[in-house]
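Chain IDs A, B and C follow the sequence of writing; residue 1 opens each chain.
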Amino acid sequence: MPHLVILYSSNLESRTDVSALCRRLADTMLAQRDEGGRAVFPAGGTRVFAYPAPHFAISDGGAAGRVAGGDGDYGFAYLNLRMGRGRSEAVQQGVGGALMAVAKAHFEPLMTAMHLGVTLQIDVGSEVFDAKYSTLHPLFNKTDNKVD
Amino acid sequence: MPHLVILYSSNLESRTDVSALCRRLADTMLAQRDEGGRAVFPAGGTRVFAYPAPHFAISDGGAAGRVAGGDGDYGFAYLNLRMGRGRSEAVQQGVGGALMAVAKAHFEPLMTAMHLGVTLQIDVGSEVFDAKYSTLHPLFNKTDNKVD
Amino acid sequence: MPHLVILYSSNLESRTDVSALCRRLADTMLAQRDEGGRAVFPAGGTRVFAYPAPHFAISDGGAAGRVAGGDGDYGFAYLNLRMGRGRSEAVQQGVGGALMAVAKAHFEPLMTAMHLGVTLQIDVGSEVFDAKYSTLHPLFNKTDNKVD
């Protein structure tokens, strides 16, 4: 942990660089610091996965958008961060705000070009089992904090 | 919110029109009303994403299906609705029943053609952070209810 | 239930046989037994879906990997099992351990070829609505246990 999964309508695929968005979001997660100045997230466990949905339906399908003068082509991107337990509410809100700022900056040019919804939610995992196997985590173990 | 995510085995892709299913499910969500006659879901936040899984494994992989006279080609579709907190159990059950009726009608022709499982689950989100950025929601803000 | 969803960076797609991994994980789920010797999971509801992420960002993007002598091409696979309520902690841990052993054996050859992270988490569903429609479950109903 953490991981951030982006689900989005595939009509956004040709309109915006989702790989660049993933990178910026990952960098933002890595830059987060808690009240004591420690990294919020372990570098070796930080990942962003983005999936365009080949099939999707959004809202009324375009009717209201056309009435409003658009072409009725709606888009949606849903960003869901799952993080481990044990972080303060201030940290959670800080992370959310920082990630949402990145998402806003990224999607802002599209907002006037189409009717687009972007939602970010953070969940705290309540897993009953958690195991890792990694040659990635050890690259960072010296500097990572303990909370995952 | 709400969003409905469909994960399904990719062997269903050529057998059924998943985009049409997404549209019907979205329309069904938009048609839901609570005890007071208000829309259960905000139109601007209602979306359905469907993802065929390029790799999958189902049940015993076909052995029991072949014994039963089928070709051992199993299919599965998992529908997961995530909605916000604050709705009554009656509303939750009503939404689930309405969506399942759509799924049943959609998949019914396939049920005899192959061994197919369809499951619908509804989760109530317990997110610790929730933010929106949208030119889609404002199209509907006059008529949407407040719960998201 | 149960279902196991694998999200992974698409740079793993050409390096490992994910369909084979899905099959081994499903077989492992089907082989699980509880304290009373009964099958932990119903055969008809057991499925694994795997999704390569066409866009992704992992950790620092490669810098530390290159410093360590690698090519900076990181990979990540996240395995998430969702199971129903009502199973003991011993069963949950046993299932997790068995699945992680499969994942370790599968990814072990890749671990030295690249910097790779594999994480497995198990969640117990807290769904408020659950419905099934299936010609798959009845193939197994005689031998399946009742918990789903």
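The rule we apply is simple: a contact is a pair of C-beta atoms (placed from the backbone, for glycine too) under 8 Å apart; a residue touches a chain by one contact, two chains touch by 3 or more.
Everything numeric here is computed off the predicted structure, so don't read it as measured data.
For the pair chain A and chain C, the fraction of shared interface numbers is less than half, so the two copies use mostly different residues to meet. Rounded to the nearest 5, the angle that brings the Cα atoms of chain B onto chain C is 120°. The geometric centre of chain A is 22 Å away from that of chain C, both derived from CA atoms. Chain contacts: chain A has residues 51 touching two or more partner chains. The residues of chain B lying in touch with chain C in their complex are 7-9, 51, 53-61, 64-65, 68, 74-76, 78, 81, 89, 92-93, 95-97, 100, 103-104, 107, 111-112, 114-124. Touching chain C in their complex are the following residues of chain A: 1, 3, 5-6, 18-19, 21-23, 25-27, 30, 43-52, 125-137, 139-140.
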